[in-house]
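In the two assemblies presented below, subunit A is common to both, partnered first by subunit B and then by subunit C.
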Partner chain A sequence: MSESWRAAYLAALRAGDRRGALAVVDAARADGLSLATLYLEVFQPSLREIGLLWQDNKISVAEEHLATAVTQIAMARLYDGFCGTAVPNGRTLLAACAATERHEVGLRMVCDLLELEGWDARYLGAAVPEDALVGMVLSRQPDAIALSASISPHLPQLRAMIRAVRAACGERAPFIIVGGRPFLEDEALAERVGADAMARDASEAARCLRERFA
Partner chain B sequence: MPAGTVRVNKPRVGNGLHACLRGFPAAVIEVATGGVVADSNGKLESLLGREIIGYPFAELLDVTSQAKWTRLLSRDPGSTESSLFECVVQRRGTLELRTFAAVWGNDSGEERLWLLEYSRDLRLEPLYEELGAANSELVQIQRELAKERSRLAQALGVQQSAVRLRDQVLAIVAHDLRGPLDRILASAALLREESLDSGSREKLLELIARTAAGMNVMVRDLVDAASIDAGRLAIDRREVEVPALVNATAEMFRLQAEAKGLALTCSTATTVSVLADQARVLQVMGNLLANAIRLTAGGGRITLAAEAAGDNVVFSVADTGPGIGADDIPHLFERFWQAQRRHRGGAGLGLAIAKGIVEAHGGRIWVESEVGSGSTFYFTVPVTPMATGG
Partner chain C sequence: MTESAIAVAASESILERKEELARAVTDALYAEHPALLAQHGEAGRLKCQQDMRYNLEHLAPAVALEDPALFARYVQWLVRMLGARGVAGDDVRRSIETTERVLSARFPADQAAATRASLRAGAAAVADASAR
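Right after this comes the complex of A and B.
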């Protein structure tokens, strides 16, 4: 069922048709497509396809950014609808990107997927200073932290963020999961930056945290 | 050849680029077959801070762009179509997006690829950073707002149901007060009859006094519930001996229990005293006992007990009544919960008040019960500090 919605959504993204893309999302929801399916089988593969089109020199980076922005809008509209509907399970997540990241969609998906299951997920966005992150961790005492870096030059900052959290919390540090392209290319990287786990995409991150805190 | 013009015999300088391209404000690169940089106007070198002539162009690119580069190089042979080539170059630990026009051509029989950088507005870069940060902030704000809205909607729902419940209880209380009030009015009217003998007159006065006392209890409950709600229930703590307290309560209800054919027994395995408001603790035990007597069928048994447990005395009222369903137990001490039940025994304030009184003493109250096996209500009251361990 998600196949045709994905094709329609991707076509709207390629045409730069924001209203058309949002109409596809509304129609898919009205047709009974679940939020998780919409995220993992429509948004995620569509954005991947857009990335490949850029790699193929078929579209410009501006078009890729527009596609991402449209998806961010779609997610914001969906979030407004489902926020607070799940029965809280007492678990909390803090999610942050390394500085000046522009690839935030994956991390937002992790937050939303877990919120659907009752987690309280706080999305801190990009460019969170280390001390602000540590402050949040100490005051909120989350069960887990999800951090992402889409390019390798952001790794030192990511490592510094993890180090700061571990220094402040000691043995009571939350479970730290990382994601992003550099981690796909080097399996051992997650451990080297001090993380507890690595996820290849949003659904893997959500599954890992779900199982860890079942 | 016209005078004043100079024919450039050698139209290219260096390894290939035209002289005018040397001064071009953006990068111009000539790439030979195999992807090795053959010439450059120096602009990309300045940006990257490294030599590039003689090196594979792919070396300058980030991983995703290397794949793009390979695709660009593997175009159909002979095709001279120019195309857009966007790529990310690695620059001293950061990555930068650059856009080139990729133009294929033939130079003295050798295939060449020229990369001509599109001019860029340098002011756009910081603006783009700002835009990204602003977007991130907007997303955060939107999420927080959605969370807040959902919290407010839930709080509003709780408030609305509390108001509905209060209205319902007000109607019940008005109804419950109406009955005794009518009885008092009717008795007062009868007392005006001159023909009434003194025995009947005495009975009517007794009825008025008893009915008014019942109304007084209902009004007291409402006032207590409001005080507990506002957190200002007055507790006058004094040292109270536990066995005396238990026996006094049992005596207060003995006649009522016996009238219903119930056996009421006391068991106090402790001689300690508690620091408590005697009247309030009596009110709690009285409420639990009255409920037990009301709900237990004739022939049943009610046991009032107290025993020391650490820093507390645990009081209990056990009955052989019908018991309480597991679904009802969590709601039992909620205010007005009883009022929503069809077969109610009152306005539903008794247990909520008992809980308020016990908690104001620093104790807790709970019930253990099974349908068909009776119920036991427990509550704790801290022992007098001096008596601790004694």
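Right after this comes the complex of A and C.
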């Protein structure tokens, strides 16, 4: 059922048609598609396809950025609909992108999916200095931290962030999960940067954290 | 210095000297292959220098993490991306081989050696990507 919605959404993205894309989202919701299905089976594959279209020189980088911006608007609109509906489960997550990472949609999806289940998920965005991240970890003492890097130039900073958190927290360090393209292609990379776990996409990240903190 | 400390130092030097190195690799490529200028023009030369910066930005983490496969996967991605924009895989391979020569000439021997495995994995990855 999600396939035709995906095709319609991708077509709207390729046309750079924000209203059209939001109309697809509204119609899919009215048709009974869950937020998770929209995120994981409509937005995620559509954006991956957009990335491949850019790689293959079929769309410009401006069109790629527009598709991302439209999807962020769609996610904010959906978020409005479920915000505050979940019963808090007492779990907390801090999420941040390494360095100047601009591919932040996946991590925002993780936060929204967990919030839907009652987590208090805080998304700090990109370019969070190490000491600021450590400060927030010490003051909020989250159960988990989710960090994302979509290209390898961001890996050294991601590793430095994890080291800084571990150095500050010692044995009381939160569970650290990482994601992003470099991790998809190398199972062992997450351990080498010091993480506890790796997720291939937003649903795997949410599942991993759900099971870890059941 | 331990091997991994040398690798980290080499990686930091690559990023600190990125502009100088990107220009040196581009100059060497165009000196060895004057046909490139005729083919892509002065704009192509600037684009080439930009591409060399990206290459160096992706080489640095592979060197720091001592993970040549990281750079090889970037090169596979790059060959497809540039192939769609009219750049031949051979030109990508040459740019990586030239980077190895530039680093050998400009870096201390131990740091240059720390970059070699990643550069060679990258050059070898061109053939894999082109064969697809």
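We adopt the following convention: the second predicted complex is superposed on the first by the 214 of 214 C-alpha atoms of A that agree within 3 Å, B and C clash if a C-alpha of one lies under 4 Å from a C-alpha of the other, contacts with A are read in each partner's own complex, and residues count from 1 in each chain.
Definition applied: contacts are C-beta pairs under 8 Å (C-beta built on N, C-alpha and C of every residue); 3 or more make two chains touch, one makes a residue touch a chain.
As the structure is a prediction and not an experimental result, all values here were calculated from the model.
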Notebook entry, point to check: When the two structures are laid over each other on subunit A, do subunit B and subunit C clash or fit?
Noted result: clash
Notebook entry, point to check: Is A:Leu155 in contact with subunit B, with subunit C, with both, or with neither (first, second, both, neither)?
Noted result: second
Notebook entry, point to check: In the superposed arrangement, which partner chain does A:Leu138 touch: subunit B (first), subunit C (second), both, or neither?
Noted result: neither
Margin query: Looking at A:Ala15, would you say it contacts subunit B, subunit C, both, or neither? Reply first, second, both or neither.
Written below: neither
Margin query: Applying the document's definition of touch, where does A:Glu185 land relative to subunit B and subunit C: first, second, both, or neither?
Written below: both
Margin query: Let me test your reading of the model: by the given contact rule, A:Gln55 touches which partner, first (subunit B), second (subunit C), both or neither?
Written below: both
Notebook entry, point to check: Of the partners subunit B and subunit C, which touch A:Ala27 in the superposed model: first, second, both, neither?
Noted result: neither
Note to self: Can you tell me whether subunit B or subunit C touches more residues on subunit A?
What the structure shows: B
Notebook entry, point to check: When the two structures are overlaid on chain A, which partner does A:Tyr79 contact: first (subunit B), second (subunit C), both, or neither?
Noted result: first
Next item on the list: State the stretch of subunit B that overlaps subunit C in the combined model; pick it from 1-9, 55-63, 253-261 or 289-297.
Entry: 55-63
Check: Residues on subunit A in contact with subunit B in one complex and with subunit C in the other?
Finding: 55-57, 151, 153, 185
Checklist line | subunit A - residues contacting subunit B, complex | finding: 51, 54-57, 60-61, 69, 72, 76, 79-80, 83-85, 97, 100, 102, 104, 108, 111, 123-127, 151, 153, 181, 185
Item checked: For the subunit A and subunit C complex, residues of the former touching the latter -> 55-58, 151-156, 159, 182, 185-186, 189, 192-193
Next item on the list: Using the touch definition up top, name the residues of subunit B that touch subunit A in the complex.
Entry: 62-64, 67-68, 71-72, 83-86, 93-95, 97, 99, 129, 132-133, 135-137, 139-140, 142-143, 146-147, 149-151, 153-154
Note to self: Which stretch or stretches of subunit C touch subunit A in the complex?
What the structure shows: 11, 57-58, 60-62, 64-65, 67, 69-71, 73-74, 77, 80-81, 84-85
